[in-house]
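Shared between the two complexes below is chain A, which pairs with chain B and chain C, respectively.
Up next, the complex of A and B:
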């Protein structure tokens, strides 16, 4: 390790930072989109309609049973074909763009299960109280159940997001330039694997460790008093 | 106001209600009592369709509860309900608990709903707690807020499902006081409760249930004077012993 060359890091810092920015962007988009989609899936899975129930169950089971890297690859290859079928034209979809959709759709399966247990953690009497006041199903979900479910599950949702943040690195398989992908590309060019991979690992560790400490502190602060 | 005709209900093979028939006229206070598992909570929940029933009919102010075209949210918005476990919304302040349904269901303005909520809070003696959260209040206080929340909807009648059974003994009276006051103002009430003192004071009639049947349905004086059925007499002997 005597010849650890810090200048390689300094020289390529702008490129790495650009990759990190992309990773954060994908994480945020996939988190917001995934939670919205996942909540819808959770509601479907808990609905009394067997068709919706089965659709949601199938969706969740399929995505939770396939390796993420395969899903990334499949979306990257299939998305242009689907778009051509729908629009009749060839629309090129870059790796960077397809990753947004992939992660949103994939993470929704995980967020759905979190939201499902969150919804189930709200006592049944709360729903009854909402109905008794004249709320419709949608209103009792929106004003009574989901806010409580979301708050109960916030630490778990954020922990899942930290995992998602790390998993975005898998887009290097389709050549997208996320934080890890950027380091990988520099490695290929400059042949400095030790410097590059160590730097990336340290940065990932620092960010994720800090975030999970934050989640822990949040956990005690947002608990609903019952 | 409330008419219950031959209502029966099954959970699978188990029959929880057997041909229950009774009525609550406007301004009446009807107390429903009976041993646990007798179906009294189930019956009162059928009135605002929180529990479905299989046979018979229930009408509230002329609206048939079980009928297909009935808008349950509209019906429930006019029928106040108070639960054993209060069921205030723990993620909202007391003020918001009182205002939310007025705003979202009745379409009242935010200020109007707030004013109405505060006035009712004052009425149940809890104005000072407006900005607190339910978890910061005692059980008795929470139940009084729950009554205020139901009243904020200007209900045509009120249903009470064992409103004092989850309370510590020293908090029961503060809730009963509010209920007595309400009864004396002429509110139509159907109350599932074991508080016989309350029944003696304000009930018009007392219904005694056992095993899903309405066994006794009498004027208060007749009920406490001379319950006709053996089962009701045993029940009263047990709970009035001390």
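Up next, the complex of A and C:
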């Protein structure tokens, strides 16, 4: 173990950093897309229309009971089939591109459950107050309920995003070059598993640990005093 | 669309003489083995850590908290690669060689997945113990129990029953997470899924079947623990009034 070779890390740092940039990008896109889609699903699940309700429940339950690696691979393979069906031509979709969509769609199921409990945590009187002011359903959601639900759930949404950030490493299944994928590719070439995998673990740990501490502090700061 | 549906390929013979559906069944078996093994390990390690984090010994709390921080902030796939490719190099040479050459993959996979899951179980066990009123421990001490006996006979039996719903969802997660062990060479369900796609290109059929199998596994676990939950419900708590979920 005395031969831990830091120069391997230094030499390959640019490639690793490129992978990390991709990981962060997927995380941010999937977070924003996932929260938007998830909020829509939560509203559908809580709506009075049984059709919408059932659709949202099925979407959420299916994605929550299937392993993410399987979804990543399935989307990567099925997306071109769907595109061919829609456009009639072969459109190649790279692993890097399909991951964005996969994570957005997959994480939406998890964000939806968070937003649902956020919406349900808002006192019923708030909706009534909105209606009393002459708001439509959409307006009372937009101006009264959702802002509070979002605020209440912000720490949970961010914690889920940290999980998402770690889960991006599973694009290994389709060979995309995220942070872990980059380290793995370097390992295949240089045969320095100890240096590479340890570096990935340490960097992931530092980022996620720092972020989860920040979330914890945020949690105490934004708690609404009732 | 010119996708050729073909459900019959499941009965076709593969290169190694088995039929495709037998590949799936064998994958299902490995998935179950790895998951249940990891779950058992996680329950033991997670319980010990959870208890440690509720004691009054600073050192024990620190160890428990650090473990949870460490194992929750590194992705599972990275942890598995550490167990398989880094840890054997750090061990004394003879042991490292034994781990690499003699120890079956499945043991390392179970350890990796189990220790990862243990961090989550530790969180649940800790919150279960902390949800009990202080009087429970004091009553135990007043009866002449040692600190350990209050855990064994008073606090843990309550704590487990209270956090069982959370443990149920962790148990379901283990089955999903076990799919990641394909990356370190386990021939479990996801591996077979990937392999069958490579051999046959019947993406849609196999995706439907494997999705259904994972859903079934999760559902079975849910029902099983739901049954345990009903059997062990603590009378008098709010949760006692509700059905299983």
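As a convention for this text, the second predicted complex is superposed on the first by the 225 of 226 C-alpha atoms of A that agree within 3 Å, B and C clash if a C-alpha of one lies under 4 Å from a C-alpha of the other, contacts with A are read in each partner's own complex, and residues count from 1 in each chain.
The rule we apply is simple: a residue touches a chain if its C-beta (ideal position, glycine included) is under 8 Å from a C-beta of that chain, and two chains touch if they have at least 3 such contacts.
A quick note: this is a predicted structure, and the numbers were derived from the prediction, not measured.
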item: Greater residue coverage of chain A in the superposed arrangement, chain B or chain C; value: C
item: First (chain B), second (chain C), both or neither touched by A:205; value: second
item: Partner chain in contact with A:40 - chain B first, chain C second, else both or neither; value: neither
item: First, second, both or neither for A:81, with chain B first and chain C second; value: second
item: Contacts of A:147 with chain B and chain C, given as first, second, both or neither; value: first
item: Which of chain B and chain C A:129 touches, first, second, both or neither; value: first
item: Which superposed partner A:193 touches (first chain B, second chain C, both, neither); value: second
item: Which superposed partner A:139 touches (first chain B, second chain C, both, neither); value: first
item: Residues of chain B defined as touching chain A within the complex; value: 48, 50, 72-74, 76-81, 83, 85, 87-91, 100-101, 104-106, 133-136, 149-150, 153
item: Chain A-facing residues of chain C, complex; value: 1, 3, 69-70, 72-79, 81-82, 85-86, 89-90, 172, 176-180, 182-183, 190, 193-194, 197, 203-204, 207, 210-211, 214-215, 218-219
item: Chain A residues within the chain B interface of the complex; value: 123, 125-126, 128-129, 131-136, 139, 143-144, 147-148, 151, 224-226
item: Chain A residues within the chain C interface of the complex; value: 1, 62, 65-70, 73-74, 77-78, 81, 84-85, 162, 166-167, 169-170, 172-173, 180, 184, 187, 193-194, 197-198, 200-201, 204-205, 208-209, 212
